[in-house]
Every structure is written in structure tokens, then in C-alpha cells.
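Encoded as C-alpha cells, here's the structure I'll be asking about.
First chain written, first letter: the chains are A, B, C and D, and each begins at residue 1.
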Amino acid sequence: MRLAFFGDVVGKPGRAAVLEHLPELRVRLRLDFVVVNGENAAGGFGLTRQIAEEFFGAGADCLTLGDHAWDQREALTYIEREPRLLRPLNYPVSAGAPGKGAELYMLPDGRRVGVVQLQGNVFMRQALACPFAAADAALDQMPLGTVADAVIVDMHCEATSEKMAMGHHCDGRASLVVGSHTHVPTADTMILNGGTAYQTDAGMCGDYDSVIGMQKEMSLYRFTTQLPGERYQPALGEGTLCGTFVETDDRTGLALRVEPIRMGGRLSAQVPAI
Amino acid sequence: MRLAFFGDVVGKPGRAAVLEHLPELRVRLRLDFVVVNGENAAGGFGLTRQIAEEFFGAGADCLTLGDHAWDQREALTYIEREPRLLRPLNYPVSAGAPGKGAELYMLPDGRRVGVVQLQGNVFMRQALACPFAAADAALDQMPLGTVADAVIVDMHCEATSEKMAMGHHCDGRASLVVGSHTHVPTADTMILNGGTAYQTDAGMCGDYDSVIGMQKEMSLYRFTTQLPGERYQPALGEGTLCGTFVETDDRTGLALRVEPIRMGGRLSAQVPAI
Amino acid sequence: MRLAFFGDVVGKPGRAAVLEHLPELRVRLRLDFVVVNGENAAGGFGLTRQIAEEFFGAGADCLTLGDHAWDQREALTYIEREPRLLRPLNYPVSAGAPGKGAELYMLPDGRRVGVVQLQGNVFMRQALACPFAAADAALDQMPLGTVADAVIVDMHCEATSEKMAMGHHCDGRASLVVGSHTHVPTADTMILNGGTAYQTDAGMCGDYDSVIGMQKEMSLYRFTTQLPGERYQPALGEGTLCGTFVETDDRTGLALRVEPIRMGGRLSAQVPAI
Amino acid sequence: MRLAFFGDVVGKPGRAAVLEHLPELRVRLRLDFVVVNGENAAGGFGLTRQIAEEFFGAGADCLTLGDHAWDQREALTYIEREPRLLRPLNYPVSAGAPGKGAELYMLPDGRRVGVVQLQGNVFMRQALACPFAAADAALDQMPLGTVADAVIVDMHCEATSEKMAMGHHCDGRASLVVGSHTHVPTADTMILNGGTAYQTDAGMCGDYDSVIGMQKEMSLYRFTTQLPGERYQPALGEGTLCGTFVETDDRTGLALRVEPIRMGGRLSAQVPAI
């Protein structure tokens, strides 16, 4: 199978990058399944139903969220009706968080792709349950190569250590473990010893002439003055689509190949050759 | 000029990667000045004089540190005698921290290269003075294109936002602003609007079959149990040399070209073509 | 002299406690100078001019703020015109923060009282300059016993360690070092070796049938679900006035006596006997 | 019943305060059950078997720990053999942490006292499972007034908000919810609406002429320089015994009375009158 994951979409330039490039990429890379992290799609803060539907229309099969999941309150109810939208799995059980954090999706041809979103606890605003134990529980429900033809894990967190640890923790049990949240793509795409493709962060889809997608002047004002300044707004230059491409072995679900995707905007372009 | 910066060297595999590749790279890329971040060179924790001298012998012109600067206590005294070793500049003035955080180095041919190390405050263990104000003060002492032929800023911190903000803050005043500390190279090398080359993190020099260079079993034990486990040890597989290459305009000191460097070990190789 | 400091006023019950008890206390304890921390007075978030004037009318001579200083944006301009309002002193110099963080006030009888507000950096949202160095600079401007007849330091921060360290740091140079921010009074009022009165936290003025002054249901919702819930609102039961009373030696400005003040609401009452 | 809880014992002065005062207090206050937090008893870092046995010998019925639980590695094995020693309950289930975090103890006369230790997640070094859910599970096993004659909850954490929230969360289900970890006693002992006694922090047993029990010079060195300095050592002046006394209603297990205990050293003395 051919899978792609795209990192945190930030504001209008991020949405435009997805809407412009994804339909064509889906064909060009013959993608079977596409996941997009949408936690910053609505003006930098959260996701609305309208934006989600645009992403589905452009070729996304599943959307993930993160610590900004509920910045748009409508997501709290929308997620209950939309099985293609996932939030971090590891909310405390007693939290009764709306929606789901892991799902096994059936493709038209019968193949099944599992998606799991986890949120780390190092340097994060919420204190969720152990993401490693949550990963175990979810992956037990969708054994790779038997129940699931492919499994994608979105590890949403700040610390590179927590992400790399999750990669190894899931190694051999997922097709891809890819990080989100830091809004910068990492150059460490590799296949781990057990056959799982890994990238510490897929990077954001947004304008890189910015501070993590937001207007740099606002961010610099806060960093240099420690005063509140104005509410952050997304930078509005051309966005870069950033993601990860994986090709799996149909028999095992493990990765045969993993490459970064970068299209448009400021970053150096990189599109896998098919 | 041709400059290179190499990220946090972690333990023996990181040192081996530097010692093996740097001499040859220095020739092949015709490097005029090389900076290496050595804060994790001694078993993952700090830097000793002996290791520093190996790096100088292999072609490093300047070594930087970070939050692990004093893990080896001998660094507190060694830095006072070794002007090629820098620690974060922005210790509080009243701290009387040993050594320096910025220096203008004279090359044999008379050209001058400034190096500044800053440490961010977001998610970091020490609370230092404002790195942005410190950058202003240091860059005022070494104006690019007049006093300094090139200026390299090592922004040592966790948050991508603080690093990107520093890139823009120094844009037009430095040849290169490059991040360190997260131990994962980013894929966002670019030249900012004002002519400064930028990369959010150069990545570590160390074994990437690990958790940020340390043995993955130990890290996973802590993440999954929250118990102390054993003292972290560096992973011992082949290290990857990770860094950033910049070519500057001799008249302005600004960047004409910036590219990542990756050699050996697990990550995909990338060496600038000259 | 007789001085009093009252901790963070939270919402309407906190304001009511101040307005109801302070005028009478000022007479009963023959207070010469009164400081009130007002950072949460406006619905739990920041301070308005109108509320500040109520406090001045009730007997406050000086108001301090903290990490919530600018939650009400009008404080950014109001503080420029109102010398009796102080914000944390240790904003980075380059920040150009409005207002002041230290002031020497002249009483009608000619005696002078210095007030300094500092904000700690451990576990705090802003990264300010070193509060210890800032304390040195401020106290140098108002030597106790010569230039200032009394000096009050409000150390606004989370960690008990940072507060106790500040107490010792200022010992002998201030009449009182008292903490704010945690919204719970501590039972450690004492006179340090050098003669400075000390209390780790004065406690809030607000309803203690709450979570740090805010409605407990809202707080419990967030803690148990890690979901956003509704915007915090102050609890509305009867507030407790919480503060610190100090009597100084007129010749030295050092403390002869220090006692907690607690009146009204849930906590056990304690009013110094005169 | 008459219960007492004593906060974090720090080093030799803390141990001396316990050993000197507890035997006499046990008689004078006719205490039925005594809990001591021992996480800093061994030189400030952790607990050894020898020290634990001294505490049992002096009248402690149960010892609790906290984030410093395993600073002395022998605690990892000792706790498996000593049912009177508890660590935070809410380690992730998959952690397999040694020992227990909640226990129902039988008194010689057949009465039963439950003790639960929880660790908060705000500003703490470990990321444990939700302490509120853990509290529910533990309290369900020892219903107050039927299965348990008294229940003591030690909420070990930094943030006053998390502690107050836990108080309300357990209100009506515990005899006492008392905080530890900040090493400063709070002056908010009260009986909550549902009948549970509450104090945000019991305070440490240790020398208060210090920074949270450790030598103030060392702490000030770190705060002012941000350099490592020497390893922290406990301050060695006379310690203050700090704790909480509760008298319960024998029929319900709820609190009839709650008062702080402070004996010796720097803080104002307070011993409940019987």
C-alpha cells in the first residue's frame, strides 16, 4: 500500500497547500490512504466541520487533532458524528472525551488501515494517560499483517525523545510512526529495525516565513517583551505542504520505503519518485 | 566563505563520526570555519578537555555547549583557558558564569568569523537572561560585512517557535542561525528574507538507532514506568554526522547557499556538491 | 511603622473582603502603609482602573500585579498614569514594559516606604530577567534605614524554593519579603536572621470554598477530563481577607514582629492584637 | 479517632524532630494512627530501610513517599516487603511500580484506617496516571464509615490548584486530604462542605532556616548563577515538626476537628489542646 501523512495544517496557507496539492499527489503517488493533522487548520486554532469536509473532499481519508483539538468548540460535537476524525487516544478513561483516538478503516477494496493518534506528556498542556500503554492497547486491536493491512500512528508531542521512544515502542507493529506538533519537518525519515517507518515530525502545512506558521512579528513581540501583544494570526505567505510517504509490503504491512514530501512555499521541494 | 556547523555530539559514536568525517569534509567542502556543539560528547553529559582537543585536532575551530555545559565539572575551569570553547552567552550578568558566549575569531588570512551561542528559555532547565536581547548585544559587537566576515549563531533550545523567532530576529545580521539541543535534524534549511541562512536544528552527531542518542531500552523503561531505571548511556551503533553547510557572499557575509550535511549511520546521506 | 500586605484579590468576594475589612483594619492596626496584590481582582483575571480606585479608596497605598498583570488590557495604559500601581520589576530591560516595578513612596509625615514586586521564573508562564539581580538593583536604590523607612518585597511566583531563596537574598535589606500567586496562605511567618519578616505566601483574598478562588466544579472538570470546559469564574461565597502584618523598628526598618491576618470566610480568623 | 499526618521529613533535622516529638505527641494527643511522609528523609533524597524503621519505632503507622520515592534505590526492594510503606498510587498500571499506593490498615482494636497516596501531574517530574481517577478507585475499595473507620489521603504535588481540587474531589469520602511536597505548611486547615478535613500542605519536618530544608547558600547560588554548584545538603539547624491533627466522628469517619501541628525550630508553635 501507499500511505501519506501530512502534518499540522496551519490557517489559510496550510489549507490552500492541502487543497491545491493533495488531489494531484493522490493520483501521482497512487496513494491508498491519506491522513492529515488538522489541529491548527481554523485560523491556527482547532478545526471546524466545514474545513474538515474540504480536506475530505481533497483526498484525506482521516484527520487527526492534538492539544488544540477543542479550540473550536464545535469539534466537541462534530467528532461524535464523524468517524474519520480522531483525537488523541490517551485521554484518561474517566474523562469521557468525545470521539475516538483509534480506528480501523475499511477501503473500498476491503483492505483495512488502522490509524492511532497519541499525545505525549512531556512539555504538553494536558496531562493525558500514558501514551505507550495506550499504543499497546490500540495496536493489540489491529495486529499488523492480519487484522490491519497498514497502521499509521500520529505521535503528537513536543519532545523528540518521547517521539523517538514511541517509534521504537511500536516498531514492528505499525507501518508508520510519525510525529506532529512541532511544525517543523525533521530530516530523519528511516525504517526502524523492526520494519516500521519513522519520522520525528512531518512538519506543518503552512507558511514557513513565520514562527511555526504564525506571523513572526507577533511572536517576536512576545518573546522579546514577555507582554501579551495581539492574538496570534497565521502568516499568509504561500504554504508548504509537508508530509511523509510510505510504501508497505502487502504481506506484512511493514515499510519498504519512506520519504518526506515537501511541495510549494519556502522549503526545498521533495516529492517521491514513483 | 564556507562554514559548517555540527550539532550536539553524543558519546563515542558521535565523537567517532566527527573524527572520521570532519578532516575529509573540511578539505572536500573547502571549509573556512567549523563549529561543533559538544555538550553531550562525554558519555552523553558535557565535555572534557581531552575530547575538546580531539575535536580541535579534527578540524573544529570553535566548540559550543548548552544546558549540559557543566555536566563535566572540569569544563568550568577549562573554558576559562580555552577561547575556542563557548557556553550560552545569556547567563544573567550577575551570574559570573565562567568563559564566554560570543567571540570573534581571526583566521590565518585575516578574515574574522563571529560565533554566538544562545540558550532559549522555553522548556529549558535553566532560566537565563533574554536570548533575544543577548543576541542584539553580541551582534552589535560584530557587525556583519564590516567587523565580521561571517557570523554563526547557535540557538540551543527545545521549542521550534523560539528557534524560528531567533532566526528572524537575527535575519540580516548573521550568516547562519542554526538550532541545537533536540538531537534531530530538521528539513527546513532556507535563506531568510534578510539573507541569513537558517535551520531549526542541525541534528546530533550520534547513533540514531536510539532515543536522542541514548540507549533506547533505558529511555523506554523510563517513559513506560516513570521509574528511574539506570543512568542513561549513549547508544553505541554507528553515528551519523549531522550539520549545516553555508556559503556566504564575501562582500556582505550573508548566505548564498545553505544545505544540510548527513554522513554515515542511519540517516539518508547528504553532502553538498562543490 | 506598621505595614500590611494582602495577597491576590480574586473576583467579587475578594474585592468585598478588602472593601469591607480594610478601612476598619487600617484604624485598628494603626497601619502606616498597605499593599494589595490585585492581579486577579477583575473576575479572576487582571485589574481595571475602576477596581484599583476602589482599593485606593478603601485604604490601599500601593497595588501590585503579577503574571496576570495585563489580562485586562486597560492596565497597560492605566499603569503609566498611576504611580501607585506596580508590575513585576524584572521584565527584560529591552521589553519596555509599561509602568514600574519598584517605587519609593513618601508618606504625609515624610517617612518613605519602598515597594518592590518581583516575579519568579520557576513554573511561570513568562520568562523574565533574574529576580535576584533585579532585587539587588532595586534595594540598592532604597537602602533600608537610611533612604527608606520600610521596604516591602512582593515575590510573585509558584515555587516555595524560589520564594524562600528570595527571602534570604533580601534578608537585612527589606522589612518584609512576602510571596503571592499560589492563593493559599502559608503558616511560616517568621523573622529571618538578618531582621527581615518573611511569609512564603500571604494567601488570596477570595472564597476558599473553591479551587484557588475559582469555582471548584469548573476546575474539577478540567482536572478530571483534560477537556477545556467553560471559562473559569470566581467562586462567589464569602471571601477571606488574607495578609501579613509587620511592625518595624523605626531606627532600622527591620521587623520587630510579623503575624498573619485572616478575616471572614472559611479560614480560621487571625487578627494581630495591638 | 485521632489521626495525625506529618509532612516531608528532610534530612537529619527533620528526622530528629520526628524522633524527639512524635512519641510524646502520640500520647499527649492520644493518636490512633500516624502517617509520616518520608520522601526526603535520607539526606534530602529518598528513604532507607533504617530510617523507616526509626520512624516506625517512634510511632509512625504508615510512611508515604512522592516524586523522590526512589532516590535511594533500596526503597525499590524494601517497599515490596514493607506494607506500611506507600508510594504514589497512580503510577501507570503498565508501569509495574513496586509496592502499593493505598492500603487499609487494621488497628489492634479492629478499627481500620485507609491511607492513599496520590501524586499530581502539574509541574511534576513524573507523568503519572490521573490522580483523580486513582482516588476514585482507591476510595471505592475503602468506603468511609463502613469498611474504613478513617481515610487519609496524601496529595503529593506542587500546584495549590491540584491539591484543592483533590480536596473537593474526595470531600465526604475521606477523613483528611492533606498535601505534601512544597515543604511549607499552609494556614488553610478547614473542614470542607462534605465533612473532609483539608490542608493544602502539611509543611516539611526540617530546618526552616533554609530553602525548603536544604542549605540556603547552595540554593541561592543556583538561583542567582544558574550554574550547578554543589550537591544540595540539608540545612542542619533545629527542625520543626509540621503536621495536621484530625479528630473524626466514629460513626461516619468524617472530621469533627482539624488543626495544624508545629513544634520546635523556627516556626510559631502550635499544638492542639486535648
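By our rule, a contact is a pair of C-beta atoms (placed from the backbone, for glycine too) under 8 Å apart; a residue touches a chain by one contact, two chains touch by 3 or more.
Chains and their UniProt names: A, B, C, D = Ser/Thr protein phosphatase family protein.
Just so it is clear, the structure is predicted and the values come from calculations on it, not from any experiment.
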| item | value |
| --- | --- |
| Contact-graph distance - origin chain A, target chain C | 1 |
| Equivalent-chain rotation between chain B and chain A, CA atoms, steps of 5 degrees | 180 |
| Euclidean distance of C-alpha centroids - chain C vs chain D, Å | 29 |
| Chain B-chain D separation of Cα centroids, rounded to whole Å | 45 |
| Contacts with two or more other chains, residues of chain B listed in rising order | 92, 94-95, 127, 130, 132-133, 224 |
| Chain C-facing residues of chain D, complex | 123, 130, 132-133, 158-162, 164-165, 168-169, 182-190, 192-193, 200-201, 203, 208-212, 216, 219-220, 223-224, 260, 262, 266-268, 270 |
| Interface residues, chain D side, partner chain B - complex | 70, 73, 76, 91-92, 94-97, 126-128, 224-228 |
| Complex contacts: residues of chain B adjacent to chain C | 92-95, 121-122, 127, 129-130, 132-133, 136 |
